Structure formats: structure tokens, C-alpha cells
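Notes follow the structure.
Should a chain be cited, it is by its letter among A, B, C and D, assigned in written order, with residues numbered from 1 in that chain.
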Amino acid sequence: MNYALVSVALPMITVVLLFLVAAPVYSRLQTLVTGGLVIIITVISLSTSWLALLEAAAQSTTSYLAIGGWEDGLAIRFRLTPVVALMLTFTALIHLLLALYGTFSRHGVPKDYWSLSCFLHGSLAALWLSADLFNLYVTLELLSLSAVALVALAGPGAWKPAADYLLLSLAASLCYLFGVALIYGRYGLLDIAMLTVVVNDDLITRLALLLMTAGLMLKAALWPLHLWLPAAHASAPTAVSALLSALVVKAPLFILWVLWSQVAPPVMAQQIGPVFALIGILALVFGGFSAMRTPYLKVLVAYSTVAQLGYALMALGLLLAWQQPEMNSALWLFVIAHGLAKTSLFLAAGQMQTTLGTKRISGLRGATQTTPIAMFAFAVAGGSLIGLPPSGGFLAKWVLLEPLLSQPQNWPWVLGILLGTLVSAAYIFRLVVMAFDRARINPPDISSDHVGQWLALVPAVLVWGMALAGEQLIQLLGEGI
Amino acid sequence: MQLSWSSLLPVFILLSSMIPGLLIFAVREEQVSLRTTLNLTGVVLKLFFVGLMLYGVSRGQDFRFALPFLPNAPLVLHGDALSLQFVTLSSVLWLATTIYAIGYLGKAQLRSRFFAYFSLCISATVGLALAGNLITFLLFYELLTLATFPLVVHRGTPESLRAGRIYLAYTIGGGTMLMLGVALLHSLANTQEFIAGGYLSDMAEAHDVGLRVAFVLMILGLGVKAALIPLHSWLPQAMVAPAPVSALLHAVAVVKAGAFGIIRVVYDVYGVETSTNLSLTQPLLWLAAATILYGSVRALQQQDLKKRLAYSTVSQVSYITLGVALVGPLAAIGGIVHLMHQGLMKITLFFCAGNFSATLGVHKIQEMDGLGNRMPMTMAAFTIGALGMIGVPPIAGFISKWYLGAGALQSDAMWALLVIMVSSLLNAAYFLPLVYRGWFCASPQQGWPAEQSWPGQRFETHWMLLLPPLFTALLSILAGIFAGSFFSPLGWSQFIVAREFSL
Amino acid sequence: MAELVLDITLAVLLLSMAWGALHAPIINNGIGLFVAFGIVLALTWARLGAPDLALAEAAIGAGLTGVLLLHAARAIPVPTATTVMRPLQMMPSILLILLVLGLLTVITSSGPDSVFQQTPPLPDLVEERIADSGVEHPVTAVLMNFRAWDTLLELFVLLLALFGVRQLFPGQRVITRTGTQLSAADKPVKVQPWPPLMAWMGVLAPLLVLTGGYLLWHGSTAPGGAFQAGAILAAAAAVLHLIQNLPALRWSLWPVRALICGGALLFLVVAISTAWLGAGWLHYPQPGNKLLIVTIEVIATLSIAVTLALLVTGDSDDFTR
Amino acid sequence: MNSGAFYLSVGMAVFLIGLHGLLVLQDNLRRVIAVNLMGAGVFLVLVALATRTDPVDPVLQALAVTGLVVAISATAFALRLVSARIRHQQHKTKPDDGRLSSHKDKPR
């Protein structure tokens, strides 16, 4: 647990320090120093959360830490489970990758990025650890505010999407808080583990869960509440888009999972499960369809987030419907694989966009020659989204497919996965094929930034490298909680 | 897991092309000798390793490498007799094609990219051949798709992009089907290793629906690459790729990957008995027969040389499926040996077609008049390949057709024999005119469409273009003449089939 | 009876002002109604026995939000004549709201599961352990001790909001540099404030500061505490800023930054050191917890006050370096 | 009906009014007010629930205080964002926003 605390406290301390120093990050040297500091912090955070993961994997029971030492639900509790530890590690990893990108890529990040990204890191870490419904609300708000501030970094052009994002996100948080109020009204408790024991199936509980679910779905941009996402993710600076897509939308999903798999009574979970799964399939299809039609590169990647979250929601839905703990590993593998792949996609898209001087997909003609490494990264990461073996996306899909296929009455769900796979293949390869065009090459505006392109490739390689730890990951996550 | 040379040899075979491939990505365009050295080192190493393994397997040694991947589904590379046949074929032909490609591409752009993906393709093919279970097979099957795609669109022209799109649409769709099939089978029986006679016999009754569905899904997936109708249309389109690609990949690696997969599924997953009991082989047989006839008829209609060869491939590859689906030892020998023979002959034909177009600009069949005078050696190799395809002894094609026919009789499928005969007639009808034009018609008055010469050229064309077809043509004759020996493709196929049918 | 009349009056006021704040034809009227709504809400909370909230609401909800809203409204060139709904058009919406409201009320407040049938266990627990908490007032005990982690994060939320606002004013804005396009929207108009306000503020501001200090000190035993005090101090700062009697709070001054970060930093340091050296994360050492809490509260109050003041009053000059 | 239940309903009504406003209104400033009303509604619900016990539930009141501070922070940020945007639009005489918008972005 102490390791986990370090991984929470470090980014928060960094925030305050950066804030206090408030050095204007203008020169190359200052960027290097700030970036270097953040890299060191994230490396330490990554290693401590890795230790926490080992610790969590070794224990058979969930470990709790009552903050302030107050027991019996009076205080907020931290909770360390394999999933939590994994998400801590994952958050630190993505932050580290982006910090490297921001420091060493020529196109880099806006000057205020650093403290905000640490804010984001800290709030996410606090969120993963929290086992208290109201505390989750506070961390969610912290997360949303830092996400919006990061989007607004892109400059005045991004202010409108940022404002829309903020308003919707606030409204969503309040829906969630309303639900929390009702839960407290009904049970007088906020601690998740304690609620699990007492909660029962009645109208108030249903209403509360419904309100919280609506709010969380809006925040996670789950179809059909996703409309704010493409604008916000596409207009943000490159590294920020990656953060948002890889991490931020996963947080509400995490809470949704906690709510339905741990707080809600199984009967209710079984009822809502098929609905989630169905929404997931619709998200896959419609999100993918929108991604196929958009003329803009980053909008395509953003819509693919909407689509890919459909997989995760489907895994969640089926987990609830059948109460099969194996589905946990499908859900979290999707989350991790998607996060890594999306980081790569956004970084690659940003590189190509800057080098080729256009936001349009049609500008990618000949990108295999003009920005070969970025395009390669894009294709490789895209392969994981499609679920080509042995990528992380494939692992997740495989785990999801197994229980579906073993019972013939579940086969209709497979059609959803099939559709999703084909649609994602369509929008990824549409772009890849275009990049091989040698007849009408779009000449680059500036010389390409090799370091940035290689850094874009790193997460793509990592997501394929997940195959090496496939069996361990599946077993670790499959234990439930 | 103990690491010994016998467990690492399959990995070495795989890496001997993969590592040069990855290194070539980093090679600059103008570093020709470095690239060539890398390529040839890979080829030589691979041939050496394959030779070692052949020797080992013939002496009963077991080559197996495993890596944990998914629960109950590790990655396994296993060198058995059947996989070695495919590996040997790919490696030998890789040697020929590498030399050919160096000559063919000359000073074209993006050669590093081309050779890199080319090596990766071979690695994927070899991996697929060595795959010890379905999940490993699936993995390399998809990698093969991905590695071939850049080669299909290599020219980057609008029509090659179009072909690339079609190729991807088919192969990704097929790959998804295969994945579903494999996953379904895994959920029923876990992913076990390939074993002669299959591993599903004791659950055939309990899960007959599931097994049937899985079989159909997998055949759908494999059928795309094996170009079974109606999943074949990508193959003629993909002929826009450069000649070495068409030659090695679309005559050998890719289509054979599909056919090889069908062999694996029928023999080593389901087993002959189980697949017959589930009445799965009969529909497959019909499908194969229909593809053979359809491909031949369409080949007859083509006026473009490479298109005609492509449809001929569609037809010929289905002989393998036919042999498998006939379910008898003789037919099985015919099918498996045809995997080898068809590869040798068809690559000869593609090399020759590439020579015609690279040297003289000849693409259409009407333009072939008098080629025998201008390029006698190439035309001779072409003739050998064509006659072999028709089934003229002593060329290799005869052996496979003979065994297939005998197998049809053995399985009491007279109509299948009829199909083989009709198809041979059609083969003759679409190949003999070409041979006739080449040798007996007069050269065109106005000269060749686009004649090219290389500095220091001593033969009818660049020596690197000439040598490979002669080599493969020679091999296809040798394979026919020495069919009786143990190390011939036929002898090896008998060795494989003896295990499968426990003769 | 009197209570009932009061309740109904408050409810009617709340609802009509809420509706009016949203649907007033002129936005400035809407803002006025919203501020009034805040004041009525503060009254409501006093009525419901939540003086802590009443204080916080009066200062934060009504006062500071109102200033912010007016500030934002000033950016709009002409009061926008947004499409106003006529009463008849509103009817379906109102009916819908009533319907949903009825449903919610039935679900929450009727039947055996009604929230009013439940007795939450936590208030008793608070009462039982308040003696060990180092604070006598239960709300403060919850805020500063039992749920101190929430409060810590909340300080970070404030910090973050300020940071978010700050980066909307990146240094070297083209417009202010060239100086050609300066308008009312870019620089607050330096009009001479209303003289009586000037006179009053001279008296009011020290009073507000005193009140803030009192609330803070008082918070450990009675309603009041860091947030309320901080908010009132910020309100004082805002008023002083209005009459231009306050030296500008500038981001570039390090004492300002130190004040802003102080609360969050101290709290975090306490958390880390209690985890490292003491019994656990935010587990205050038993003797001395009172002192620790008071220290945190004082620093936090100053942080909150400066942060809120800068959030509300700061303009681009204050944020650029 | 005791006063707690009464104010619970009032709180929910305020929440619904805010939600409705957020959905139907276009003007960002009004939408900020709408979100604030939603917040006020939820806090009212919290405080109404706090009256169930005697003395009133300190936990709920503390939650409301925390919620209020979070709300003001978010509101301040939202309003600054909205007004910054409005100002920017007014000054958009120069077509730049310093970002990628080259001739290549014009539809072909």
C-alpha cells in the first residue's frame, strides 16, 4: 500500500512545486529541465506502482487503508487490488511516454502542459485508489477540470469544445453526486466495500444507480452520450489527446465497473448487463461508422475511441449479465490495449499532421514515404485496435470471445464483435492504403521529426508486446475485483 | 522449458529471415551490396537450418519450441514432416526469388522497403508452416496478410491501391473468420497441438454443431487465401504487384498458406475420421471441384498473361484441397505432393512471365508470338512449367495428377476423376496456345512493345532473371523423374501420409 | 404554522428565481435573479440547521459566483436577446419537470424504503469519536479529520481551477502588445466607483477581514471554518478590488504563489509525513492534532482566500508574467 | 410530510430545472447558471437528508461544503473559459489561431 501512496503523492507534490517555481517554459533548456523532472517523477511513480502491483498480485485478499485511521466507514478508505495497481502502473506508464514525447519531440507540448499533466496523473491515481463514493466524485471533478484545462491549452480554437466539455462534464458529475446523495440517504454509507454488504434491490437504489450511471456514461463518452468527445479530443494538443483518450475516459468507466460489479446487487446487475452489452455493440458500429466517414485525421482517431469503448462496455455488460469474473480480464485488457494503441495513434497522427501540414486524411497520401515511422506506428497501433494477433487488442478480444463461444445461445453477441472488428479494420486500413499512394504524394511542409516519430512507435510496440505477458495478465485480472 | 538446439532450431529458421528483414528496413536505398548481403545471408542460413532439420526429422528427431501466450494456448513451433515440406518449398523458392527480385527491381525506388517486407513474408510463411497449434497458425496467418499487403500496393498506383483494398477486404475478413473458428474450437476443446488423426474424435458427438460451425468458419477463413470460390477474386486483382511478388507470394506463399491450413485442419485437428463422420469433407470436395473447373474456364477467357496464370493458380491450388477432401491415402499423397509440385511449376511460369514483361514488355497473350526465338531459354522453362501443369510426364505435375486420379478411384468418386480429366483438358487448352505462339509463330514485325537491355548483358536477359526460372524448371523435372526416391517430394509425402492414415 | 409559511415562501422563491435565472429574457436580469437565488438558498440552509453552509453559500454561492457571472456578462457585447420562451411554450417543459419530480419524490420519500425511514450510522460515530479528533465542531471534524482527504483534494481542485484560468491568458498576447485593439472587454474600465461604496468599503473591508478571522478561529467549536473564512476574505478582496484599494494580486509575485500553494502543500506534506513517520496517511498524531489542524486551517484559509480572489478578480494582467 | 421531505423535493425540483435548462438553452452563460442550479439542487438534497437526525448529520453537511467549493472552482473556470472565448471571437479580425490551417485543409 505504501508503494501506491508514493505513486499518488509524487505527481501531486510535483504539481505544487512546478506551480511554485512557475518558470516560464520557453527555452529549449527549460523544457528539458521541466520535462526531465517530470520524467524522473513518472519513472519513480511507475516503479513504485509496479511494486504495488507485485504486492497486490501476491496477496489473496484486498488490502485497505483507512485514511486517518478511522474505521467503520467514518473515513475514506484506499483500496489496493490487482486492477487498481495495474491502472496505477498504466497511468504512470502513459504519462511517462508522453513526458518523453513532450521533452524530446521537436513539436513537443504547450508550456503549461507539464503541471497539468501531473495534475491529471495525481487525480487519476487518487481515483483508482479510492473506495469511497463521494471521494470518487471529488477525484472525478479534479480529473475533469485538469482534462478541460489541458484541452484549452491548444489555444482559442479549442476553447469552445473545452467549454462544452466542461459544462457537460460538470452536469454529469452532479448527476453522479445526486446518485451518491440518494445512496447515502438510503444506506447512510459511502464506503464501497461496506455498501456491498448492505445494499439491496429497491427503487431508490435503482434510481441512484441509474443517475450515477447516466453521469458516468456521459463522462466516459459512452455511446450515445459521446457527442462532446470527438471535438474535444480532436482539438486538443497531440499529447493531450493521447492522455484524454488513453486515460481520462477510462476513469468513469472504472467507477461504472465498481458500481455495478461491486455495489449493485447481482440481480440488478444481471438486468442491466445486456443493456450495456447492446449499447457497446451500437457504439462499436456507429462509432466506427462515423470514424469511417470523417475527413479529418484526429477526428477519426477520436471516433475510434468511441467505438473501442464499445468493446469495454460490452465486456462490462456481459460480465454483469453472467457474473463471470473472467470477463474482468477482457474489460481491463481492452482498457490497457486501447490506451496504449491510442497513445501511439494520436502521437503518430500529430506528427503526420504537423509534418504534412494538413488535418485532413487525404493529406496522408504517400505518408509511408514522407513520414514512414509515424505511419508505421499508426498502422501497428491500428492493428491492435482491429485485434490482430498477437496484439493486446487481440488478447482482450480472445478473452471476451471464449465464454461467448462456449455456449451456442450466446453466439449472437459474437456478431457484434465481428462487426466491430470489420468496421475498425475498414477505418484503419482506409487510411493505411492511402498512405501507400505513390502517384499523388502530399509533400511535407517541414522536415520530419524523427525522435517524435520513434516515440510514437513505442506504445504501439508495447501493445503488441503485451502478448509476452498475455497469460499472466489474463490470470491476474481474471480474479475479479 | 529446456533450451537445446532441437528446441531452438525452429526459432532459428524463423529468425533467419525475420532479422535480416527488420535490418533491411534501416538500410538506405543506395546501399545495394549491404542489402544484398543481408538478404543472401538470410537465405543461406535458412537453407542450412532447414537442411539440418530435414536431416533430423528423417531420423525421427523432434523439434519443438513453446512459449506461453494465452491460457491453454501457448505459441508452439513444431517441425514435423508436413511442415518441413512447406518450409523447404518456401526456403528454396525464396532463394530463387531473392535473386530474381534483385535483378528485376534493378534501380527502382523503395527497394529496401520491398526486400524488408519480402523477408517478413517469408518469415510469416515459414512460421505458419512450423506452427504447432491453431493459435500459432492464426498468428502467422494474419502476419502474412500484413506483410504481403505493402508488397501488393508496392507500385503505389491507383490500380494497385485498389487491388490492395480488395486484398485487405478479403484477407482481413477471412482472418476474422479464422479467428472466430479457432476461438470457437478453443472454447470447446482448448488449443491442442496438431497431431496426426486430430484431437477431436472423442467429442465429435457431444459438440457436433459447434465443431461443424468451427470447421465452416475456419474453411471460410482459409478459403480466402486458398482462393476457393467464391472467395478468390482478390487473387487476379493482386497481380498488379511486381513480378517477384506475384511469383513467390501469389503462386506459393499466400495461396499455399490457405491450402496448407486446410490440410492441417482436416488431418491434424479434426482428423480424417472425425471430419468424415461429421460429413464435412463432402461439401469441401464439391467446393474444390467447382473451383478447379471455374478457375480453368476463367483462365481460358483471360487475355493478359499474368491474369491467366492467376486463374490457373485458383484452379491448381484447389487440387490440393481436392486431394485432402477425397479422404484416402492416395489422394492425400496427391494433394500434399501437389503443394510442392504446383509451387515449383507455377513459380517457373511467373518468373517467365516476369521476364517477358521486364525484357520485352510483353504482357498480353497476343504479343507472345515468336518469343521462343528471342528468348529461347526462358521460353523453354515456360514450356516445361506449362506442360507440367497439364500433367505431361515426366514433369512433376504428372505425378500429382496421377495420385489424385488414383485417389479418386480409391475413394469411389468417379466424378472427381472426371473433374481432374476435364480440368487437364482445359489446362491444355489455355497453356498450349501460348507454347505454340512462342515457338511456332513469327516474331512481330514492328518489334517488341518495350525492349530493354542491361549493361553487360550476355544472355537473352539479365542473368539474375534467367537463372531462377531455369533452376525451378529443372527442379520440377527432377521432382518428376526422381519421384521414387525418399527425398523427393513424393517420397516425403508418402512418409507424411503414412503417419496420418497409420499405414 | 409559521414554519410551514416560511418553508413554502422559501420554496416558491427558490423555484421561481431558479426558473427566472435561466429563462429571463435579458441575461443580466438572469444573473441578478441567480444571485438572489443564492441568498434565498443561504436562508434555506440556515432554516435547515446548516449554518456552515449558509455562511459558505452567502459568500461563495451568491457573492463570488455573482461577481464572476457579471464579469463574464460584461464580455458579451450586447445583452443577447436570446429566444425567449413564452409561458405557453414553457408548459410542456414544466409539466415534464413536475412529472419527473413527482416520480422522484414518490421513489425517495414514500414506502418502507423511504430515505426518511433510515437512520444513518455515521452521525453517531462522529459524535462518539469527535473527542479524539482534535476539533469540537462536528462539521469541521469531518472536514479536517474524518474526511480530510476530500478536503485535501478540494484544495487541489481550487489550485487547478486557478491554473486553468491562468493558462487562458498566455503571456505576450498579441492584442495587448500591439495595443491597437484595446477595448472595454480587454481591460476593465477604470471608472470611478460609486462614492458611497468607496466610503463604506473603508469600513466594511476590515470588518470582513475580522469576520473571516473570527470564523476561522471559531470553526473548531462552532459553525465556521477554513472555507467559510477563506470565502469571506476573498469576498472582501473582491470588494476592495472593485474600489481599487487593493494592491493587485499578481501571479508573478512569488509571495502570492506561495500563499496560493501553501494550503495544498502543507496538507500534502502532513499526509506524506504522517504516512512515512507516523501511523498512516493523514493519521494525525494524538497529542498535537488540534495544533496541526489549526495550522492547516489557517494556511488553507489564506490559500483559499487568495485563490478565490484571484479567480474572481484576476484579469489578464495578473496572470501574465 | 416533514420539512426534510419537503426540501428534498424542492432540491430535486431545482436540480430538474437546472437539467432542463442545460438541455434546452444554447447560450453558454445560461448553461453555466443551469449547471450551478443543478449543483444547488443536489446540495439541497444533501442538506435536506441531513435533517433526518438530531442534531443534523455533520457528514452530509461536510459533503455539501466540499461540493460547494468544488462547484465554485469549476464555475469560475467555466465562466473564464466562456468569456475568454467570447472575447476572442470579438477580436477575431486576424484569421489566425496560430495552428495548423494551411491551404491544404481546404476541401479538394
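What we mean here is this: a residue touches a chain if its C-beta (ideal position, glycine included) is under 8 Å from a C-beta of that chain, and two chains touch if they have at least 3 such contacts.
Nothing here was measured: the structure is a model prediction, and the numbers come from that model.
S.K.: Can you name the chains that touch chain A as well as chain C?
M.R.: Touches both chain A and chain C: D.
S.K.: Measuring between Cα centroids, what's the chain most distant from chain A?
M.R.: In terms of C-alpha centroids, the chain at the greatest distance from chain A is B.
S.K.: Can you figure out the chain closest to the middle, judged by Cα centres?
M.R.: Central chain: A.
S.K.: Measuring centre to centre with CA averages, how many angstrom lie between chain A and chain D?
M.R.: 25
S.K.: Averaging only over C-alpha atoms, locate the centres of chain B and chain D and give their separation in whole Å.
M.R.: 65
S.K.: Distance from the CA centroid of chain A to that of chain B, rounded to the nearest Å?
M.R.: Averaging C-alpha atoms per chain gives centres 43 Å apart.
S.K.: So how far apart, in whole Å, are chain C and chain D when each is placed at the average of its C-alpha atoms?
M.R.: About 13 Å, centre to centre.
S.K.: Which residues does chain D have that touch at least 2 chains other than itself?
M.R.: Each of 32, 34, 49, 59, 63, 66, 70, 73-74, 77, 81-82, 84 in chain D touches at least two other chains.
S.K.: What are the residues of chain C that contact at least two other chains?
M.R.: 104, 108, 115, 118-120, 122, 126, 146-147, 150, 154, 157, 160-161, 164, 168 - these are the residues of chain C that touch more than one other chain.
S.K.: Can you list the residues of chain B that touch 2 or more other chains?
M.R.: none
S.K.: Spell out all pairs of chains that touch, sorted by label.
M.R.: Listed in label order, the chain pairs in contact are A-B, A-C, A-D, C-D.
S.K.: Please output the residues of chain A touching chain B within their complex, sorted ascending.
M.R.: 366, 368-369, 383, 386-390, 395, 398, 401-403, 405-406, 408, 414, 418, 421-422, 425, 429, 432-434, 436-439, 467, 470-471, 474-475
S.K.: Spell out the residues on chain C that touch chain A in their complex, using ranges where they run on.
M.R.: Result: residues 104, 107-108, 111, 113-115, 118-122, 125-126, 129, 145-150, 153-154, 156-157, 159-161, 163-164, 166-168, 170-171, 251-252, 254, 257-258, 260-261, 264-265, 268, 271-272, 275, 279-284, 321 of chain C touch chain A.
S.K.: How about chain A: which of its residues touch chain D in the complex?
M.R.: Residue list for chain A touching chain D: 134, 137-138, 141, 144-145, 148-149, 152, 154-157, 159-160, 162-163, 166-167, 170-171, 174, 177-178, 181-182, 184-185, 295, 353-354, 356-360, 362-363, 442, 445.
S.K.: Could you pull out which chain D residues touch chain C in their complex?
M.R.: Going through chain D, the ones touching chain C are 1-10, 12-14, 16-18, 20-21, 24-27, 29-30, 32-34, 36-37, 40, 43-44, 47-53, 55-59, 61-66, 68-70, 72-77, 79-84, 86-87, 90-91, 93-94.
S.K.: Going by the contact rule set out above, which residues of chain C touch chain D in the complex?
M.R.: 3, 7, 10-11, 14-15, 18-19, 21-23, 27, 30-31, 34, 37-38, 41, 44-45, 48-50, 52-53, 56-57, 60-61, 64-65, 68-69, 71-77, 80, 82, 93, 96-97, 100-101, 104-105, 108-109, 115-116, 118-120, 122-123, 126, 138-139, 141-143, 146-147, 150-151, 154, 157-158, 160-161, 164-165, 168-169, 174-175, 181, 183, 185-186, 225, 227, 304, 308, 311-312
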